[in-house]
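Accompanying notes for the structure given below.
Chains: A, B, C and D, in written order; residue numbering restarts at 1 for each.
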Amino acid sequence: MQSHTVEPEQAQARREYYDRISQQNLTPLWEVLGRLVTPTPASPAVAALWRYAEIREPLMEAGRLITAAEAERRVLVLENPALRGRSAITQTLYAGLQLVLPGEVAAAHRHTQSALRLLLEGDAAYTAVDGERTTMRRGDFILTPSWTWHDHGNPGTQPAIWLDGLDVPLVQFLDASFSERSSVATQLPVRPEGDSLKRYGANMLPVDHKVTGVSPSPVFVYPYERTRESLLGIAQGEPDKHLGFKLRYVNPATGGSPMPTIGAYAQRLPRGFETRAYRCTDGAVYVCLEGSGHAEINGTTHSFGPNDIFIVPSWNELRIHATTDTHLFSFSDRPVHQALGLWRESRE
Amino acid sequence: MQSHTVEPEQAQARREYYDRISQQNLTPLWEVLGRLVTPTPASPAVAALWRYAEIREPLMEAGRLITAAEAERRVLVLENPALRGRSAITQTLYAGLQLVLPGEVAAAHRHTQSALRLLLEGDAAYTAVDGERTTMRRGDFILTPSWTWHDHGNPGTQPAIWLDGLDVPLVQFLDASFSERSSVATQLPVRPEGDSLKRYGANMLPVDHKVTGVSPSPVFVYPYERTRESLLGIAQGEPDKHLGFKLRYVNPATGGSPMPTIGAYAQRLPRGFETRAYRCTDGAVYVCLEGSGHAEINGTTHSFGPNDIFIVPSWNELRIHATTDTHLFSFSDRPVHQALGLWRESRE
Amino acid sequence: MQSHTVEPEQAQARREYYDRISQQNLTPLWEVLGRLVTPTPASPAVAALWRYAEIREPLMEAGRLITAAEAERRVLVLENPALRGRSAITQTLYAGLQLVLPGEVAAAHRHTQSALRLLLEGDAAYTAVDGERTTMRRGDFILTPSWTWHDHGNPGTQPAIWLDGLDVPLVQFLDASFSERSSVATQLPVRPEGDSLKRYGANMLPVDHKVTGVSPSPVFVYPYERTRESLLGIAQGEPDKHLGFKLRYVNPATGGSPMPTIGAYAQRLPRGFETRAYRCTDGAVYVCLEGSGHAEINGTTHSFGPNDIFIVPSWNELRIHATTDTHLFSFSDRPVHQALGLWRESRE
Amino acid sequence: MQSHTVEPEQAQARREYYDRISQQNLTPLWEVLGRLVTPTPASPAVAALWRYAEIREPLMEAGRLITAAEAERRVLVLENPALRGRSAITQTLYAGLQLVLPGEVAAAHRHTQSALRLLLEGDAAYTAVDGERTTMRRGDFILTPSWTWHDHGNPGTQPAIWLDGLDVPLVQFLDASFSERSSVATQLPVRPEGDSLKRYGANMLPVDHKVTGVSPSPVFVYPYERTRESLLGIAQGEPDKHLGFKLRYVNPATGGSPMPTIGAYAQRLPRGFETRAYRCTDGAVYVCLEGSGHAEINGTTHSFGPNDIFIVPSWNELRIHATTDTHLFSFSDRPVHQALGLWRESRE
């Protein structure tokens, strides 16, 4: 859009014209085009970091302030500082920290929103999905895919805290939210614990397993123990200059992302490694599982340690420096971008 | 979410707590969950109808007020009455009426936004895509897919008016906008007019044509003449109770939608036919090409005739009554919903 | 395999050993490996050409010798000269010329073998597939996909002759033949003639059309009139040096081949054009629809004119010289090779 | 085909006619149709069983009779008793037992034929594929996919014996054999042993892994240790009446078969379990890894124990009775049938 000099009386005529057509729900494109079609992404979201130690405290306070019955779900939503009021950590994603106290359970429900959990504290809480229960260990990546019944509980003696990640803002934007509660509070297990991992976890599938349409992973848990072993195993070679050693979690029945709207990743950066500048169009949420370092995002440095959470909005330039051997979990809306032919990356 | 009685001092403690955690960019989920995960879609968009006769006038006025050089593109944006200021006609889509006067041309450019054109008036204007020019006739459905170079012009003697449809709000939401201008204003034709239709229009493809990744249709025009012939041809059987005779435009190289983010449809409703109540999660823009009737959307009736444009937001209940033989063109974000496993419909 | 000198007594010991293990259905690989895993394909099939004028005569004679009732189907099988007794024209394909006299009909049946028809003579015969009848014109490419009910008849006054192409040797090799006869001889039309072309022939599909698994084209006829128009249309550009102007017939619902096991192609070679040497792993059957020329196959020249049929086995070097403007129809097992990752081509 | 009475002079006329057209490479379809298009598959292959103890002896004898240099590969081919001379164990598959003596190595080569190995004896032999070496343990399922460089060796002190399975007859039938030898005898390892399993074995993939076209599994080994653990894990539920507990090996990058032409399966039948009658169109080779039992194939009973090998041709009725807890490995051409839309099964 080149700019043009407009005479005062012309300008007045235009204002009157704009007011007039506004009654008809019409807007002149030439006044707004530059904002709509930008040369590169200009995300309204900003980078941010939450220190676990600092958010754990108010979370425990919520445990005292709000009963479980009252506050199903007892979650503190991590809101992007530039998107306050939208319950969004990136444009498309929601993230929150959930506290489940010993003895608490949550009733079974389901929704079209896809969800993941990453356990940060506690070792006895479980998530049950479609009748299969999984006890969660720290770093385990748990799915509750779109429209699957799920409930959870903490039969242990210590509080359980996990990160919830959902595509809530995306589903809201697409006007595709459906939800319902089960008539039974807790699902009866129909399969023993660990069953899905036996069936789908060793590069094998039940011989009759069928994939229809866009479908989520039949595996509900990706144990950190296995992920960690893989990360250590591949770490013998040369790390990618921009990504270190980075793996993506896959749906073993398709090779696609665990859920159609959310991709998830695990990454190892050896002590002292510094990634080169990298940009991509998906907006990502990172969680530090081990180690510590600095993330330089569009020129601002954020220091992180275990359980800290930070976000990298679309097309922000990212450099990570690992001060010790570091493992990062991350999730983003990359599968959405890829399914729509919109994903790009840039490597310097 | 059941409601709970909260004592005044409790309420005060909570307010203080909320204020405190707000500093940390934290929000209590239990106060907002009901808005985020709704039982059925609750689109902020509303139904609306624009009469062509009423918007044609201000559009012609724009032709006098704004020069083409100044106002590339000379377009009036149709804004959803409930989404003013966002240049959105539905949550994910943009629509505008473009006026190109005799002798005007627009410089070649490209962007990641996918775009379609539906000619409403004039018979000499052309769109050129990747070096192939197509002269547009009324009702022709023209594509300018993501990241293809395109320009246009009107070498005729009459004004040309077309409907532009783009996925601008979606690409903006996904932070995936890239655009650039060509160093040359007008592309040199590298293929004769009509070439893509010869190559791809008769259930045949060039033997070496390859599809890689998510790709748009290699056909840039779906002439209304052919669409009309199909609609009349199939109209001998029994119409679908909810849809009449409805066809979707396809990418002949994949059977998928013409562009990854936008689906397009043509529909025939015989005189007197009344569709039964129907809902779906995609939000759609309808254009009447022939005939007239009434669209009852969530209980409100909108009368339409040739070139009128109306919208049906997600999950709004739609009934259409055709008072004469009616042909409707429509486009929506259905392929997005389907690619992400979020599409639903309901037929009463 | 390098050769080794073997002492006479050793040779004797081996023979005895071979005889002994042969009782156990064991064979020494080292004696046969060279035949099994060749450096390049060594097809047992050979190139051949049938002049239509010379096979038409015995075909008409079959019309007198054999009644329709007796000889359902009255077909002369074109057997590859090097594969006699196998009813195979290439390793995987069967081809035959079928004669249907005025007034004759064939009872409805179905089989897992995929079949195609290419009409060569007559203009009133029809094929009915799944309740839709298509009157066949010369050059029309007709499908009767796997497991679809089909019957045919000739209500005209002239004999109808068409080329049948099937994957009979492939299905036989894979042990996957199923077939059954209908209890009714002739299917009642459930859709009007031309219906599938209206629904699927203009880069549009019925909005509810679903593709499940490996599926054939929903279009049962690709009229030569449309194909010819495409060939003439694209013939304005530069021909491919190895292929001239070559199109492949596609399933409009997937972009894949019309049937999973058989690919089909139409090709235009301008007068005087000579293709450069080309090889591919699929074995193909060619039919000349218009024009005339010479096909040089592995160094031997075969002259062809209208309705003549010739074959090019896998990896045979092909050069075609068109003496007049020439249109060739061809079909092959290329989709099988491609589905299994085995297809290769070589261009000199 | 109903039969017709033919008069002697007619019969004579026909014989003369048949002889005459045979000169033109023409054959009357009506004399052969019944053989070509059968109501159900009529495989020329027959069921058979090889006892390991009985074939091990001649295999060891081959070790003395034939040097490794002379007899690269030292393999006894298991030929289907009804397909002698074709080096085929089923219509499409080849199987052989390979002996590699301590200190022997085989030079690197590659071919379009897909191959698998199942180690039966020895614990030090390795297979190297595309620069990654895998030490083979009993029951490990090893791939050497189409056109990958592979070599092997036995640095141990005991003979190694494995089952080779290839699609040699299929590739021969499709005329698609290409092969070449490496200029270097032994590949230099470019990745450490176990690398592919670290990268692809835990429901994760390298973030940049791309799938193009029809591609084989990036995992070259499916260790029996993991398979066994899965079989024992799922064996807590109810076994399928026809299949017991049956898993298929998958390509983790696609969910498809490990190689495009060969499917592989592992199956557990608890002690005393008897499968119900089952048929399918793929022809399969079974190897008993643990346990013992009886396979009743088209009414004939074959007893099997560890390392015994038996085959079930297409559409043969199979019942298996496990006398002790039994683990079976099997491979077949099912992916070929499925890719072509020809696969069927029947469960009684």
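Convention: a residue touches a chain if its C-beta (ideal position, glycine included) is under 8 Å from a C-beta of that chain, and two chains touch if they have at least 3 such contacts.
Just so you know, these numbers come straight off a predicted model, no measurement behind them.
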{"item": "Any chain that touches chain B and chain A", "value": "none"}
{"item": "Interchain contact steps from chain B to chain D (minimum; 1 if touching)", "value": "2"}
{"item": "Whole-Å gap separating chain B and chain C, where each centre is the average of the chain's CA atoms", "value": "43"}
{"item": "Length of the line joining the C-alpha centres of chain A and chain C, rounded to whole Å", "value": "52"}
{"item": "Inter-centroid spacing, chain D versus chain C (mean Cα positions, whole Å)", "value": "29"}
{"item": "Junction residues of chain D, two or more chains touched", "value": "none"}
{"item": "Interchain contacts (touch definition) - all pairs", "value": "A-B, A-D, B-C, C-D"}
{"item": "Chain C residues within the chain D interface of the complex", "value": "1, 4, 13-14, 17, 20-21, 24-30, 32-33, 36-43, 45, 48, 50, 54-55, 58, 61-62, 65-66, 69-81, 84, 87, 91-92, 94, 96, 111-113, 146, 168, 171-180, 213-216, 260-261, 281, 283, 313-315, 333, 336-344"}
{"item": "In the complex, chain A residues that touch chain D", "value": "191-192, 194-195, 197-208, 211, 217, 219, 222, 226-227, 229-230, 233-234, 236-237, 240, 243, 246-255, 265-266"}
